[in-house]
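This report concerns only the one structure given below.
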Amino acid sequence: MRRYYLILFLLLFACRNHPVEKLIIKGSDTEINLVMAEAESFMEKDSAVSISITGGGSGIGITALFNKRCNIALSSRPLNPYEEALAMRRGIYINATIFAKDAIAIIVNPQVEVKSISLSQLAKIFSGEITNWNQLGGHDGEISLYGRQSSSGTYNFLKDNVMTSDFAPGVKQLSGTGQIVEAIKQDKNGIGYVGIGYIVDQTGKPNREVKILSLQPTDTSAAISPLSKLDIYSGRYPLTRPLYQFTIGKPTGKVKEFIDFQLSAAGQKIIEENGFFSIKPQQQAILQ
Amino acid sequence: MISKRISHLFAFAMITSCLVIVITCWGFILINVVYNGWSVIGWEFLFKNPKNGMTEGGIFSAIFGTTMVTFISCMFSAPIGIACAVYLNEYTKDNWVTKLIRASIRNLASIPSIVFGLFGLAVFVKSMGFGPSILSAGLTLGLLTLPILITTTEEALRKVPSGLREGAVALGATKFEMIITVLLPSSLSGIFTGIVLSLSRAAGETAPILLTGAAFYSRYLPGSIKDEFMALPYHLYVLSTQHSSIEQVRPLAYGTAVVLIALVFFMNIMVFILRSKHQKKFYG
Amino acid sequence: MKKRLLIDAVGRIAFATLAWISVLILVGIFLMLASNGLRLIFHISPRELFSVKWNPSDYENPTFGIVSMVISTGLTTLLAMVVAIPIGVGAAICISEILSSNIRAWVKPMIEMLASIPSVVIGFLGIVIVGPAMAKLFHLSNGLNALNGALLLAVMSLPTIITVAEDAIHSVSRELKEGSYALGADKISTLKRIIIPNCYSGIIAAVVLGMGRAIGETMTVLMVTGNATTMPDSIFDPVRTLTATIAIEMGEVPFNSNHYFGLFACGLILFLITLTANIIAENLAQKLRRNEL
């Protein structure tokens, strides 16, 4: 019996390998796979650091940052007024680094005939005002809405920039963007919002199992597809947004090294390979 | 009477078909998982860490993380749980206090696991400042399994015939000596059953570790118990909902499911063997 | 001799301390649940609590209506039990009375093992197999709904129900059974008139345990029910249970905010539901046990 406890005790200490610095990153589901690729590449070059990443949504990352449970919070949205007030109350300075650009794609099942919609129609669809595809020129089918949960930066981005009223209560709130894509592949009436990185492969070719809608910024303008890099960089595609990484105070030490790596040419190349859009080095903005 | 025979035959058929349905469902589940996951299992899968965006490589960090966290949960809940069961069974009288305590233990065993997760987040991660770590998750799982352990240990202690206890005391042992030298050894296999059952429960739970320490990805094994860790059930969860190429990693998800089920089955078989050995040893 | 007595006293104190620690921990859990959950009442009106809309993370106009989630939890659990109870009890009867004791010796442990299979695996299969199959079968556009969750919950609570019910049925005394056979009754009549009436309490215990399992299940429902905060109109609507709500929002709540208390309130409600079910079942079981021979 005593030998058993001794072995357990030894095992606990056995896992201590060479001293590495630990970096804990939490937050955005949109960014998580991208940052995992960045981290893998970074750790290949630098073996004295161990990065652990957890997702769940931008809100979870920001909350963890405030509670000092992580070094970097990944967020696909800026801080909201409540969070800014909280930071001010606690005397914390939250540093924001923009490291990539994202486009939110509205995807539907390939069996949906609609090819493009306007932003106001998008708002009406997700608020439940438009309920059937035949109201948009498609087949007769009740629109099946897919979205994220309230901790998601993408959810909040849409809420702040597109929606004019609340999301419909019937929106299915799935645990991750990946699950949304999988569900819409099989749901002939499905529509959902995802970060573009989830539906294009490394060469920029879109996933053929879902259909990407083109968006009209106003009811009368031309429809723009998120697959055109030019339209994303010029801002013509209406749902582009910067992707943030928040830290408490200016980044230092390994945190700074990792963020600098992501902003370097090698890091930005990884961003492009994962379907997102790089920011030119001059455009890197440090807010506040 | 023929109609009675027919109705009885019908009842017989219905009852048997119930069991057939159960076995078919569960058989389908197991066969489907093993069939789809079998091809992925191999040396690399079981002993290497994930690489290339978790689309290749193995799940060793998840296996290691799960092992560590279940050990911690056991190290916390076993001494406390066994001591509690011994105290309730041997030292206290059967009055309303102990009845209330036993009832509370039974009711707390049925609290949903996510509530334990919430509790673990508030107490271990936040208030005690352990942060998300193997320690926090292990303690949370220990809390989850504590009621189970107390109940099974009490049952094991009750099964020991009072003659053994009285004999030891008659030979001059103090109560404590009796417990240590006679009672616990003779109920050891029952206690072990409880420990292994609670270990297998802890290994398979996802909800309590969601926010108390499980990580989507971490390249190296956790260096200490204050680190985050990858875990098998959480890994299956993220591979099927959060990964960027869910269809591509589906075989890996199946493989993870196979490893999880195999782990749980292995523990249960151990329990089964222990129990039958104990039967033979004590009851001929 | 004195040394041994000293060790005995110290040992007793050690056991007592550890025992009281575990009792205090368990009481502490309940107290924390209650105190944090009830604190919500001090901040919002009961009428809002009993409304339908749950949207506490909206920073302009948070709402804390738990009704739709309670109904969702109830719907999935009820559906699951409607499926699981007849099949579970039937299977238990079959194992206990119809199978030979050789076969029973390995079927029973096998079913006990099934109870330990992690819920994520079942949820995973729910996404990959049950969802699409259900969509095809019922001509729905997708399979993420209450029925999917209920079926999976039923499958998960079946082993628990079967194991406990089978124990109860098998423990009906041999004299009763053999007396019935000796009087000429066949198996089914004996079952109907002697065996089952004598283990109602055990069967009820089994059902309650299975129901507790179904209510408290988190990961499975999180993955397959679609998590829509709407009030379900039919079993083919997506639903969000209390457990899924806690899992989803646990990570983003600021400490000691109304939202935080709201989640504890959900946990408290879950605890009260299972507590009530346990109490009813125990009283019922006791009453029935008195009627048994």
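For reference, chains read A, B and C in written order, and residue numbers begin at 1 within each chain.
We adopt the following convention: contacts are C-beta pairs under 8 Å (C-beta built on N, C-alpha and C of every residue); 3 or more make two chains touch, one makes a residue touch a chain.
No experiment lies behind these values; they were computed from the predicted model shown.
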**Complete:** Output for shared partners of chain B and chain C reads A
**Request:** Per the contact rule at the top, check every chain pair and give me the one with the most C-beta pairs in contact.
**Result:** B-C
**Request:** Please name the chain that ends up farthest from chain C once chain centres are defined by their CA atoms averaged.
**Result:** A
**Prompt:** What whole-number Å value describes the gap between the mean CA coordinates of chain B and chain C?
**Reply:** 17
**Message:** I'd like the Å distance between the centres of chain A and chain C, where a centre is the mean of that chain's Cα atoms.
**Reply:** 35
**Message:** For chain A, give me the residues that contact two or more of the other chains.
**Reply:** 56, 60, 67, 174-175, 179, 182
**Request:** Return the residues of chain B touching two or more other chains; collapse runs of consecutive numbers into ranges.
**Result:** 126, 211, 237, 240-241
**Request:** Give me the residues of chain C that touch two or more other chains.
**Result:** 127, 223, 251, 255
**Prompt:** Quick one: in the complex, what on chain C touches chain A?
**Reply:** 53, 55, 57-59, 68, 127, 131-132, 135, 141-142, 144, 222-223, 226-231, 237-238, 240, 248-249, 251-255
**Request:** In the complex, go through chain C and note every residue touching chain B.
**Result:** 4-5, 7-8, 10-12, 14-16, 18-19, 21-23, 25-27, 29-30, 32-33, 36, 86-91, 93-95, 98, 109, 111-114, 116-125, 127-129, 155, 158-159, 162, 186-189, 191-192, 209, 212, 215-219, 223, 243, 246-247, 250-251, 255, 263-264, 267, 270-271, 274-275, 278
**Message:** Which stretch or stretches of chain B touch chain C in the complex?
**Reply:** 8, 11-12, 14-19, 21-22, 25-26, 29, 32-33, 79-81, 83-84, 86-88, 91, 101, 104-108, 110-119, 121-123, 126, 143, 146-147, 150, 174-177, 179-180, 197, 200-201, 203-207, 210-211, 233-234, 236-237, 240-241, 250, 253, 257, 260-261, 264-265, 267-269, 272
**Asked** Where on chain B does chain A make contact in their complex?
**Response** 51-54, 64, 68, 71, 75, 125-126, 131-132, 211, 214-225, 227-228, 237-238, 240-247
**Request:** Please give the residue numbers of chain A that touch chain B in the complex, ascending.
**Result:** 8, 11-12, 15-17, 19-20, 22, 24, 29, 32-33, 36-37, 39-40, 43, 50-56, 60, 67, 69, 174-179, 181-182, 197-198, 274
